[in-house]
Each structure stands twice: as structure tokens, then as C-alpha cells.
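You will see chain A twice below: alongside chain B first, and alongside chain C after that.
Moving on to the complex of A and B:
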């Protein structure tokens, strides 16, 4: 059990999430149902997509804080083009095109021009938001067609079309990161210079991570528009910070190289289920941020403490073996 | 003329209009070990990086296996059969050893597993392919780098100071392996500062100085004196031990350790007298570094007493140790010693920041640096230069200046000459001697037995975390080796 926790923060988080859900279920009967699970899933979609997008960027030891703005830009592109009479598939393609272009600009700034990622994406955060506001003239986009809203409505087995799309993206990313090339994203973040020495196309990898983040944020924008049926001009504001918090919670290291898709998924579900629980517990919605923040700190502190304790134990064990003439000497002896 | 596996023709390289490589010819033939020697900053590493495609050449031609290296990227050089094992192993700390070796290969890691376990067995080391690379010792990290080269079927392997972190036994194993590779038709480039190591395995030698080739001949035809004088004119040999020093037996002990135990060592007792250089030696993993770190409060002390000037001494942190006069110089200068991007004079003041005035007066700090610059012979352009831009030997001198600025009673030097060339090594030796003469007690931790013999007034040998024995000044390296290795065998028996 302890070993499991030591290997993975995901384990700690998973247990805390289950604990919280069971506790809320005990306090508020009716919470533990498939219906609630379906609500949590669909409420978490937008955050999930943004987080899945930023995840590879953080793996390569960069950061992307422009996710919320890319989301807004894509949603507005979608809204304006469907309202201008484009067919739905074309409008969706244009929205994704906007997201991918935005991601490519981020990638260009960081990988090609060598700007620090925090600076570059803070800049584009404002740039994309501004472009979006100019495109709409500061107005909200309303009256989106029904066939767009249908994408976000829960239709079969409690899942929406976007819910299924998101699930496929999760599986896709999981499979990809286990592949040979997927591994490259992790090793670039782990030791960039080493990756370069081994001949990996480091810049291309970084660039692609940003493009991926833009694409994922645009899918989040489409989901957002389809779920609420209109596009407010603050769509997606601040969601990138929640996504980064969820990633950290899910065991993704901001120093790059460490993290798993399972961690990302559980991190996002944890955040969303807290929000949903508060509704069931009839706690006013304005408490959400405070409770969410407090839970984040609690999990990270408990996890940090556990990790320190385990490390101390491993270290003590290593030196005990050393005193008996153990593994430290083994190499020299084998060589002799 | 034998076939060259890799060659450089009239290669030159400039950084910001400063030429560092000036028209160098260099080649590696099949079945030879080519030694490359040169002082710090002579351009060895740059030259090898050009050969490996890591740095583009400003002029000249790079050919691998007869074909020009184009495009000049590491991936292309590796595809053409050349692999550079860098001085500092480049590892991915969060990936397994297997992944570390296989990153960048055309197939997924799992398919190379048996091949790599076979190679590990051939190398005669014990290393599990599934452990996280972060847990590896420095020597094992080198093995990971060598495995990377072997698994890529590199015909040319460049080993940039592979022995600097290895124990003598491990060095022998490495040499056996290198000879094996040579006999199977590989070409190797071997960079080292230690002439006797180069002589032990190399067939040809090339010496670089200031970006020029100043000596290139068969190893057998090159006398040590020729090589040394080519490398740094004026230095023909490591300066000899400065006579026999007067005994310190009658002096008072400054620092006394009694039955000290901690992480990686047990029951260590010895003392250091005033003005004495105490050599603390043994093989890597003997617990010397851990002992030093425990003394200055970086690691917890499990048991034992330490007295400094007959007063009980226990430092909770290095800061406290410095205040009491015990200063420690870490073996890893890049990671724990220097502030690489800070100006030189900041580094010199970095142990005494608590003694500086509230508003910094950089004029005095620069002056302080200048004093040490002349005293220690630090070669630099100005006190405002970044430490990272200096060569290894000069970086080490900056570190020494930092320690001296704290005015230590006891100075603990952990591997002070690792990766330092002969000229700078001589300078550091005389600095240490000077210090001892002025009454500072020096604990010199070193794996280089010759260095320990050369400098120490008394030698303490550790092995497997235990005190293996104490030898007087003038003991031979064989005696040290016997203590350092034999204790291990008994520990295993």
C-alpha cells in the first residue's frame, strides 16, 4: 500500500477522491448514483480538455497559460461561422483551425524564437483574448443552432457526443505517451540537453506540444459553446489556472518529465466532483473556490509529507545495507 | 594509410569572433584508441562536439566513415556510427535505465531489453535495467552512456574524461572493455587529464593547445616530457613534493572525531592537527563525502563526538560550521559549489554574505576578488565575468577563493582537482601547501592515490564506511590501495 503511494501521487489522490465522494454520499443520500457520475463527467469536460492539452506542454518543461483564451477564440470562431451560415462540420473545422493556429504561434515563439514559455503564453493570453473581443465587438454570441447544442447534450447512456470525443482523446493520449515517440515528450522535459545529445528533434517536439495544447483548447471551446448554447466574451477566462492546478494535483511535475494521463483524469474529476458535491450539500456556489483551494492544499501537503517520510525510510534502508558491505560496494567487487 | 573511421580536415570554430579551434586535422582509424589531451580551454570538448554534430563547425570538413557529416546534427552523426560519451553523463532521472539507453532508437525500448542485459553482462557490471536513473551512482551513469554508444553499434566512440568519476578498479574494467572494442575494429577517442591512463591504453596521441594541434604522434614515440611541454610550455612534470615537512605530531589537534557514525559510515575516529594536510582516501562509496557532509551539518549525525579546539562541535547547518571555522568544498562544483551565472566576485563573497554591510559595497568585494585573483592565479577578464565562462581549473580556483574568504580553521576539500588539467593542478597543490604552512588544517578527500601521497602529512583510509587504517606521510600508493580494497573483501567474506 505504502509502496503504491510512493510510486504514484495518483494513488493518494484516488483514495482522497473516493473518500470525499463516499463522505458526501453519506451526508446527502442520492448523491451516489450513475446520474451524478454522468453530471460530474459532463461538467468536467471543458476543464478536462484544457488540462489534457496543457499536459504534454508541461511534460516538456514548458507551460501554456493561454489555454483559456484559445478556448474563447475557438468558441467565437465557431459561433460567428455557424451564425454566418457555414455548415456545422466546416464551422467546427474552422474553430479547430483557429485553435491549432494559436497553438502554432505559441510553439513558434517558444521553440523557434526561444522565448521563455511563461512570457510567450502570457503575451498570447492577452493577444488571443483581444482578437476574440475585436471579432465580436465585445458582444456575446447568442442563438446558436440546435444541432450544435445537441453535441453537448447528454444523449445515450448519460454521455454526450463531446463526452465520447473527450474519452477517445484520453485513450489516444494514453496510448501515444506509451509509444516510442510519446516517450520523447517526457524525456525532453526530463533533460533537454540529453535529449538533444541523443539526436531527438527537441524543438519540433516542443512545437508539437504547443500545437496539441491549442487543438485541445479548441475542442474545449466547441464543447463549451455546445454545452451552454451561447458564447460570452469571458468564455474560458482563468480556466488554464484551474487546469494547471488539476495537473499538479494529479502528480504532473511542473519541472517536466513526470506525469500520467490517469493522474490528469483523476485530478480533473476530483475538482469537478467537489463542485458538484457542494451543490448536493446545498452549500452556496460562492464557496467553491475556497473549498477547492483548501482541498488542493490538503492533498498536496499530505502527499508531500508521505513522500518525505518514505524517502527518509528508503534512505535509511540504503545506508543500513551499506554498513553491512552491501550494494554500494558490489560494482567495485564485480569489476575486480 | 589506414582507413579513417572519422576525420576532421582543417576544422575551425569561432564563438562571437573569438576563434577557439584553428584549422585542426584529426582522425580516428579502425582498431585504434586515439588519446586527446590538452589543458582546460584548449578546445578538446568543442572539437569533439563538432565531430559529434552537436556544434556546427565554422570552417573545414567533418567526415564520418568517409562520408561528409551533413546535416551536422547529433542524430546524423549517430546514424553514421559515431557516439560521444560526454564527461557529465546525460541521464533522464525519471526514466528507467532501459528507457535511458533506448531513447532515440528506431524501435521501442522493450525490443532492446535482452541486447542491453547482454551488454551489461559483457561489461562486467551489475546494473538493473528497470531502476529509475535518478538512483544511479555517478559511475553507473557513465555505464548508461557507454551502453547508449554500444547499443547504437557505434563504430567510433568518443569518451570525454570517462575516468574522472571512476575508482581505479572501475578504470581497469573500462580499459579492458576499451581494448576489447579496439580489437573488434572500433575506433575510440579517449580524453583524459591523466597521462598514465592515456599511456595505458592509447595507440596515438594528439595534444591541443589554444585551438591548435601542437603534438600528434604514436604514443610509443612520445615521451611524457614532450607531451607535457607541448600541452603547457614551461611545465614538464607535476611539481614534486616540496621536501619532507616537519612532523605535526607535537602540534595540538584542531578537529577531533570520536566514534562518529552517520549515513554511510560507522565508528570513524581521527584527528587533524594545526597546519596539517590530512589525506582522506578510499574508493567511491567508502563514505568519505558523507562523512564530510555530516561534519558540516548537511546530513544528520547518528552518533559520536567531535571537538574543535577542545570544544564540542556540532553544526546544524553549513552556515553554523562556517561561523565556527569549518569550511567544506563540495566534490560537485557545478551543482553545489558555484553560482554559475553570477559574477566572479559574488562567488568569492558567497560564504561571507552575513558579514557584508546592509547596503552592498561592490567595490570592496571586487577588491577582495582581485586579491585572490593574484594570489591564486585565476585567469579571467574581469571580476564581473560569469563563472560559467571559465575553464574547470579556474572555476575550482574561484571555489577555493570562496572558501578562503571565510577564513577557515579547518578546510575540507572534496576532490579539489577533479577535471582539472596539469597546470592548474600544480597551482592548486601549491595553494593547499601554502594554506597548511599558514596554519590552516586541511582535510583532503581524494580518490587519486598519487595526489593523496603527494600532498598529505598523514593519510586516513576508509573502506565500506569503516576506518580501514592510518598511514604516515610518505606511504606508497600500494599501501593505500591495499587498505582501500582489502577491507572490502573482508566485509564481504
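Moving on to the complex of A and C:
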């Protein structure tokens, strides 16, 4: 049982999430309904998109903390260009272009210049937020047209257009990461030097991961603008940290190479459903951070201790086999 | 190696001088001694957390939770004061909170062997959440803050010692102690060696956990100090007092020469970098640039420095022969 918990992070987290939801449902009737599920899904969209964007970057053993500002920058690009009279598809393309350009700058700094990703993206976090504020002159963008807001409104079967778009992005990423080229991201993160010696275009892969993060954050920005209906100055502030927390919770290792799309999705849903349950349990919103942070630390603590215990056991088992005269290769492979 | 580090700090000093001259030309009032001195009260809290943060980074860790520790310590101080404790006891409670926060971070990192960034990210949330909840205890809802400090305490924020404003004086003393600690003691060497190669340090019997624990506790205490100074300066303890120090403090440490991979860095560099960043924002504001743009520029500064340092390294790889000749 213990072994299974430590080995299958996604399944454990899934069970914890279901347990939490059932407990909240027992405490406040009316929580367990399809309506709530659709609320949780649409509340989590922005976080989900940012997390899905950062995910491949972390797989390559880098990190991107500029997601929140890229979100804000592309939301502002969208808002300004729509209000300037551009057609909706053009405005959306411009917003995504802004996100992709931002991602490309991150990728250039990290993959081409070789700067440590945490430092480079911390810098661009400030830079993009500033660029966004310069573009708006420090004012909120209001009066977005109805057809933009329609993208975020829950229309058919409780799903919004952006909800469907996000679902298809999840499936796309899942399929891509299982493909031959998708595996390259994990290979680079697992052992960069080995990947280079195998002939993989390591720098191009890292660059593309950052561009993908920018693109995903720009879709998150579009979703944000369509759901809220206006673009405040603080749009997306701090969401990158929440996204990284959700990723870690979902079993993605910051040391690169380990993680699954299913884990990301469940991690995000877990975080969002906690926020939503607090509303149902009538706990004031200012408890959110304390409860979320304490839960994250608890999960990390338990998970870390379990992993260390398992490693110690595996090592002891290896030593025992060694004493019995020569390692049994087949068993050793199974254990690894 | 040492020669290179010295050069980096000299370069930083040159950058600071250029910056002062440029802003002085734009607005001569910027160079008045009084505005140069008392302007520091707006940014020394960045330096106060950045210097011990340099220790953490050199020892191979990273701490992002200090940004909410500042607010948390200010709030616990405010609450202790609210319930009528003597000033000294309240201050002690604030500092103890900071030290505890550091112990918590280091212990969880040690117990889980996870990356410090992940752990301190979690505590960043938890501490700011705890501060918000605690400030609700005394009825200061949300971000309003806890006030009502004794007049002697708020006067500290504006007092001056030897002609220096109090916050600047505290910062200079504090960082002078840490400067000696890092560069002239056995403990300082341990910090560097652990950052260079943690496993090698452990195998040669160095007290790795204890040293890392001390660096995190120092950061927590410094955050408490910053929280107290800011509460005295603003006259109220707020949850979000430290949230604006996160980015500039890491920028100061990195700009000052600390390597995010550990094993490299200097206190002096961080101190100079703090002044560069602080005066950049002040100068831009006095030149009539809106504060949004100045925040963009300090982000751009970090990007530029990182690009420069790594771009130069790349160039050196391209022309190995020529550089070897010049050395």
C-alpha cells in the first residue's frame, strides 16, 4: 500500500482529491453536483493553461516564473487591439503573438545565452509586467465586446468555448508527449549531456519549451479577459507560483524528466476544488493561502519521506542481493 | 578567481557612479546629500534581506519565502504590541517568528531532500496566509494593518544616528557583520564549500545541515528586522509589507555576483547592487518617470546583467585563443 502511494503519485492525488470533495459534500449538501464540477473546471481554466505551459519547461529541467506577466501582457494586447477596432480573430492572433514573442525572449536568454532559467525568467517577470503597464498607461481596460466575453461564458453542457479549447490542449499535449519527439523533452531534462551526445537538438528543444509556455500563457490571458470581462493591472500576478505548486503536487519533479499530463490536470483541479470548497464551507477567503500552503507542504513532506524510505529499502535489497553472490540482473532492473 | 570577483565589484561600483551622474544631470536635486541619504529609507529593506539571502544562495539553496516572512513578523509584532506587551518583548516575538520561519524552511528541506525552491514556495503561501489570518484575529481585516505603536517606536523609523538615517545605519551595521562572517571566518568558508559541492562537504564531515540551517535562520531574522523597520517607517504593520522585496532582493543577490548554482557570491557585491537597484528606482521617479516604467526597467536590468554575464562567457568560448593571450 505504502509502496503504491509513493510509486503512483497521480492515483494517490486523485484519491485524495475525491476524498476531499466527498468530505466537503458531506459537510455542505449541494456541493456534489454537475454544476459544481462545471464551476471548478471553469475556475481552474487559467491556472490549468499556465500550468500546462510551464510543464514542458520543467520537464527539460528549467523553470519559467514569468507566466503571470505573459498572461497579463497578452490579455492587455487582446484588450487594446479589440478596443482599437480589430476583428476578433486578428486580436486573438496578436495576443498569442505577444505571448509567443515573450516566450521566445525567455528561450533566447536560457537556451542561447545559457542564463540560469530562474534568474532570466524572474527578470522577464518584471520586464513583461512593466511592458504591460506601459501599454495601458497604468489603467484598467474595460468595456470589452460581448463576443469576447461569450468565449468565457458557460454555454453548452456547462462548458465554455475556452473550456473546450483547454480540454483539447490537454489532449494534444498528452498525445505529443507520448510521441517520439515529445519524449525528447523528458530526455533533455533527465540527462542533458547524454541527450546532446545522442544527437538531440538540446538547445532547440529548450527554446521550444519556453515558446510553448509563452503561447499557453497567452491563451490563459485570453481566457482571463473573456471570463472577467475587463483587464486589471494585476492580471495574473502570482499565478505562476500557484501553477508551479500545482505541478509539484501533481508529481512533476523540478529536477526534470519526470511528470505526466494527468498529474498536472489533477494537481490543478485539486487546488481549484479546495478554493471552491472553502466558498461552500463558508470559510472566509483569507484562509485560502494558509490552507493551500499548509496542504502543499504536508503533501511534500509525506511524499518526500516516503520516497526516501523506499529508496533506502531498495538499496538495502540491492546490497542483500550483492551479498548472495553476484547481482541478479533481471531483478535489479525490476527494482529500478 | 579572486581577481575576477574583485573586478566584478569594481564594475558594479562604476555602474553605480554612472547611474548617479546620469540622474544628477537629469535632476540636480537628486544629488543633494539629504535626498541621497534619506531616499535610502525606501529601499534598504531590500538590502537587509538580500545580504543573508546571498548566504543561502552561496550555500546552494534559495529562499523565496522571506517576502511573506517580512509581513508575518510585522504582524506578530503588531499583535504582541496590541495585547499590551512591553516594546522589547514585542520586538523579540517578531524576531523569534522570523527565526522559527527559517528553522521550518531548513527542516522541511532537510527532511524531504526536495529542491529548496519548491519548499520555500509552499511556505511563501503559508506564511502570507498565516499573516492574513492572524491580522484578522485583532480585527484588522485584510490589508488594513495594525497600528497604534508607541511613539518611541515609530520615531525610530525617522531617527538618525551619526547623521545617517536609522534604517540605513541598521543596514550598514548588519551587512558589515555579515561581510566579516562570510569572508573572514571558518563559517564563511563552510558556506562556500557546501555550495561548491554539497556531497563532498558531507563526506568530509562538514556540518552541512547545521550551516544551511543557520543561513535560513539568518534570512528569517533579517526578514523580521526588515518587517520591524518598515512597521516603524510606515507606522503600521501590514501583511503585504514585504511582497515588493521579493524580486529586487533576488536581483540584488544575483547582480552582486551570487551564482544561483551555489558556491559563488559576495556580500559587498550584494550591498552595491542594492544601491544600484534602489537609486535606479528613486532616480527614475525623480526624473518624472512613472513608477510602472521603473519596475519594468529593474526587471530589464536583471535580464541585461544575466544576458551580459552569460553572453560574455559565450564569446570567450568562441575566441579562446585571444583571451588567453590577453591574460
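Keep in mind that, in the parts below, the second predicted complex is superposed on the first by the 300 of 336 C-alpha atoms of A that agree within 3 Å, B and C clash if a C-alpha of one lies under 4 Å from a C-alpha of the other, contacts with A are read in each partner's own complex, and residues count from 1 in each chain.
Rule of thumb we're sticking to: a contact is a pair of C-beta atoms (placed from the backbone, for glycine too) under 8 Å apart; a residue touches a chain by one contact, two chains touch by 3 or more.
Note that the structure is predicted; figures quoted are calculated from it, not measured.
K.L.:
State whether chain B or chain C is in contact with more residues of chain A in the superposed arrangement.
P.N.:
In the superposed model, C touches more residues of chain A.
K.L.:
Which holds for A:28: it touches chain B only (first), chain C only (second), both, or neither?
P.N.:
After superposition on chain A, A:28 lies in contact with neither partner.
K.L.:
Touch test for A:83: chain B only (first), chain C only (second), both, or neither?
P.N.:
After superposing on A, A:83 lies clear of both chain B and chain C.
K.L.:
A:245 contacts which: chain B (first), chain C (second), both, neither?
P.N.:
After superposition on chain A, A:245 lies in contact with chain C alone.
K.L.:
I'd like to know which partner A:296 touches here: chain B for first, chain C for second, both or neither.
P.N.:
A:296 sits against chain C, while chain B stays out of touch.
K.L.:
With the two complexes superposed on chain A, say which partner A:133 touches: chain B (first), chain C (second), both, or neither.
P.N.:
second
K.L.:
Thinking of the overlay built on chain A, is A:38 touched by chain B (first), by chain C (second), by both, or by neither?
P.N.:
Neither partner.
K.L.:
Based on the superposed arrangement, let me know which partner A:183 touches: chain B (first), chain C (second), both, or neither?
P.N.:
first
K.L.:
Which chain A residues lie in the overlap of the chain B contact set and the chain C contact set?
P.N.:
none
K.L.:
Can you check the complex and tell me which residues of chain A touch chain B?
P.N.:
So the residues of chain A touching chain B come out as 179-180, 183-184, 186-187, 190-191, 193-201, 257-258, 315, 319, 322-325, 328-336.
K.L.:
Quick check on the complex: what are the chain C residues that touch chain A?
P.N.:
62, 108, 111-115, 117-119, 121-130, 132-133, 136, 142, 247, 250-251, 254, 260-261, 290, 292-303, 306-307, 309-311, 313-314
K.L.:
Can you tell me which positions in chain A touch chain C when the two form their complex?
P.N.:
63, 109, 113-116, 118-120, 122-131, 133-134, 138, 241, 244-245, 248, 254-255, 284, 286-294, 296-297, 300-301, 303-305, 308
K.L.:
Which of the residues in chain B end up touching chain A in this complex?
P.N.:
It is residues 54, 73-79, 84, 86, 90-95, 99, 103-104, 107-109, 124-126, 137, 139-140, 148, 167, 169-170, 172-173, 263-264, 266, 283-285, 287, 464-465, 485, 488-489, 491-492 of chain B that touch chain A.
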